[in-house]
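In what follows, a structure is listed as structure tokens, so that the remarks can point back to it.
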């Protein structure tokens, strides 16, 4: 067991529900080991500018239920440079801090890996609603985002049913269709379009017309933003099938909201695990959840292993939405 | 007291939460008077095509909590003609129906008034989320829609605060800024743009910059769709103040969802009152809520009296969002 | 117009959603008039112990959406005495404070009236979920509480329907049946028992058995705590009708939660109005909402006028729950 | 691959959110294989009385979002006898049904095993909010129930914080502390009492007093119903520490509500898998989720293997609630 006395934590990239639970866990787990735990404001940008404050157990009280991140987040171009990274390390060392927990997404972990490569102990926690990180089956914030999208689908279904109309709903997910797939399957969407599976819009239209014949008068189509704009699909449906179609782009509501039980649990467990790893002298790793167990994986693997979609689930969604 | 034996109810125009509560109230109040109550499917369109079914107390069980309308809704061009209206009346008379309750918005009431002018007893219930109908302080669905928008604002605020960013949120309201005003004031929005009040975007930007000086790093601007697209405002802010700004267009989620207690109450009370008026031999009127009492008003007044915004509330929103 | 420079605000008695919106409005309205506004912690207890802090516009930022009260609340025996009240006034005068806003219920207003009688300008804001205060049609927190109870009823209905069972749900309301009546009517409860209307449990059982004959296999009975314990009703139903009956006592969840749009609006408007009254040199009054307008009423009237239930609504609930 | 043509599905025991998603999946997966799928009303009781109806794809439309079970549920003493079980099999065979899916808890599976022992192909789906079934890491309804409890804790915290009070919240779980543990950990509860871990109330009181010394003025204690009544704990705290303590028993709201995304997914996947197993000629098994994969396990193992609590999580809750 290392004798690490001072650690710090920051949040980086897009905010995600559950980040506060993770911050709380890092702070309180650290304190339970007798460490001093520092919070860094505004991510890497704040790190380079020395926005580093000592936190106590009370400073993370009453935050587990809040969306966003109390440490604020930001994106930093300067930190992508060697000079920026060194500046960050200097700020940390000036305060005697020996270990860092970075809560964020893929891009944030590249910065974390550089810190680790430069000899500063750094552990990552996957915090992003997109579920697009390899080495963990769920990212922090994903479960909450899926439930938020689901609530929106449930609401839109009220109007779709009342007016017997077709809706195309665009959800987040530039490279990963998990939000679309999970929310679509659990929302009973008639079609789900994701970047991982190539589907012709002609097929979607064919499905619509078939459903119409069976008496299904309304339809909800979920499309991940990485596929194409929802408006494009609506126009094609109008043009090729003559069916009036409405569009909703869910946008930033998907990021916010009080975290679900799962995300608060996951944040708590990953935060505690990250401190445990630092304490054991480990670095350059991400903590995650795999096969329902808290695990760790090298950043190198996070960047190289492909993040697969569950194709069985995709096929299931087609079977169940007849 | 008239001896009306058979009445019918339909929903028309955009669906609104609380319509089902009103349908339930019409059916059960009618039954309590010994009437037969018929449900008409698909609004005026269905009326002209004889989609008229007898309802019993059980047929409106377990619907008070549901969004949308179990009677379905539609818009009809044909019903705007005399021939269409007469066709509707013929269908009703063929079944021996003597009175009709129309749940819908302004446009639906014009049809209702024509039926009344042609001698068919018709009462209107204001059902639309927009709160844009004169002669009632609240329309059915407005309270639910405001709470839905508010939840979205609360979620967006999480990200706005975490990233210290500006958001422009576009909400429904083509001619009436009530959704924007209520949700903006209760959501603590920094600026609210509504069709009833002419505001220069320059002033909005000025407010933003002033707030920035006082240390307010995030801002939420609510704009009713009738003012201008949210994207236009975002572009001007970016261009004129150099501030990065995100846009969310809430869209159709605003129409759906389980109705709030207020909308279920209002629907129940208006539905019962509409039946009472038919029973008293009245016609050509809308029931509504004014000064917290259930009231009635002639359709003629609904169409001619201007629907005012509460300017005190608008001024208050400016005072409180400093 | 008085030249009042310094005012204070406190919350007292049971907490209610919307209190924070009212505190925010008092602070920011005061600031907009150039006043200094002080927050008093822990109600009258804190007042007597000088827990008084200057607030700025930022200190009430990001609180409008929060349940409870950031100023904390408490009950105080000492403040019921002349000595206690004088001690409070002394603390206020020591800081140069000339006016006080008290947010709370009936009991809190008795203290407020005593302060006013002793020459200290005091205005009350009705903050309690019970809606049991005369001189205002709605108290702050009532709308949120009704919606919270409604959500619970909607959930319980799932089980009631699935198992075809009878449930008795006990809600808050010792002297006032408004929560029971509103939530019961909007939740479609089969029977509603409130302190204002004397109903024999035999009648409730009779209704149950009649419903059973018509094929209604499940029932939800709402009872205000002021009538009798829910368990007593369940036992009588079991004994006299042989029907298995489940009991749920909703308890303290009814007080909490993010305030509804209505309560945030009401809190904002009442808070602003209270400051306006102090500024005009008024005292010994409660602000409220009557016939949908913000009004003011003497404390004396608040204490003497009886708070009526809307019996039409009660009758309506019986008609609609067949 | 067997040539099974007709299967049936029933729900049994306490209802749980997600049961409708599972019913929908059984019906539609079956139809996709060209089977006829029958729904049995009122569980085993209805089975014995031949309440068996053919379902089509439309009959499970618009149900995935609903709590409870559209097939209704019940408990049956008669079905525990050989005669009752044989009667059920006879009813199924009379309709030519060859396979049965039983959605329910431990008790329901004992009946299912007897059917399988008697030669009737039967597969179980674990549907209960309690998460007390071996052979699956999550039962259907558990995730929704935890989130429901969490919302209640968040609300109670508002009052606990505002009044600086202690609350004891009693949640479901007679033999299994999972709801208490998950909701308590994610709700930031100060103490969690579960049947699996023996804790002296003296220790809970000691923790309270220690927290008090550090300035923590409010506390939430979660207790699973299997430990002892919440009121007992409150009385001991009052008596031994002199601290005023409030009690809330959450009750039946925990069973209801629209299912979470996870429960809709799980229900969909388990329902489809159950049909797949029947089609493969399997029987006497439960489908479940283990290490995040859909799996199957013999009923015999479900009954004999002990269902463990995650003690790491329990320890973590103590670390994080300081």
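Order of writing sets the labels: A, B, C and D. Residues in every chain begin at 1.
Note that in this section a contact is a pair of C-beta atoms (placed from the backbone, for glycine too) under 8 Å apart; a residue touches a chain by one contact, two chains touch by 3 or more.
Here the structure is a predicted model, which is why all the values come from computation and not from measurement.
A.B. asks: Suppose chain centres are the mean of their C-alpha atoms. Which chain sits farthest from subunit A?
C.D. replies: When every chain centre is compared against subunit A, the largest gap points to C.
A.B. asks: Hey, how far is the Cα centre of subunit A from the one of subunit B, in Å?
C.D. replies: For subunit A versus subunit B, the centre distance works out to 36 Å.
A.B. asks: At what distance in angstrom does the C-alpha mean of subunit C lie from that of subunit A?
C.D. replies: The answer is 39 Å.
A.B. asks: Between subunit A and subunit D, what's the gap in Å when you average each chain's C-alpha atoms?
C.D. replies: Here subunit A and subunit D have centroids separated by 28 Å.
A.B. asks: Please set out, as single numbers or ranges, the residues of subunit D touching at least two other chains.
C.D. replies: Residues 154, 157, 161 of subunit D touch two or more partner chains.
A.B. asks: Based on the touch definition given at the start, go ahead and assign the chain network to line, ring, star, complete or other.
C.D. replies: Here the contact pattern is a ring, one closed loop where every chain has two partners.
A.B. asks: If you go through all the chains, which pairs of them touch?
C.D. replies: Between chains, contact exists in these pairs: A-B, A-D, B-C, C-D.
A.B. asks: Which residues of subunit C touch subunit D in their complex?
C.D. replies: 11, 14-15, 17, 66-69, 72-74, 148, 152, 154-159, 161-164, 167, 246-253, 255-257
A.B. asks: Over in the complex, which subunit A residues touch subunit D? Could you list them?
C.D. replies: 21, 24-25, 28-29, 31-32, 57-58, 61-62, 64-65, 137, 143, 146-147, 150, 154, 157, 161, 182-183, 185-188, 214-216, 258, 260-262, 264-265, 268-269, 272, 290-293, 313, 316, 319-320, 322
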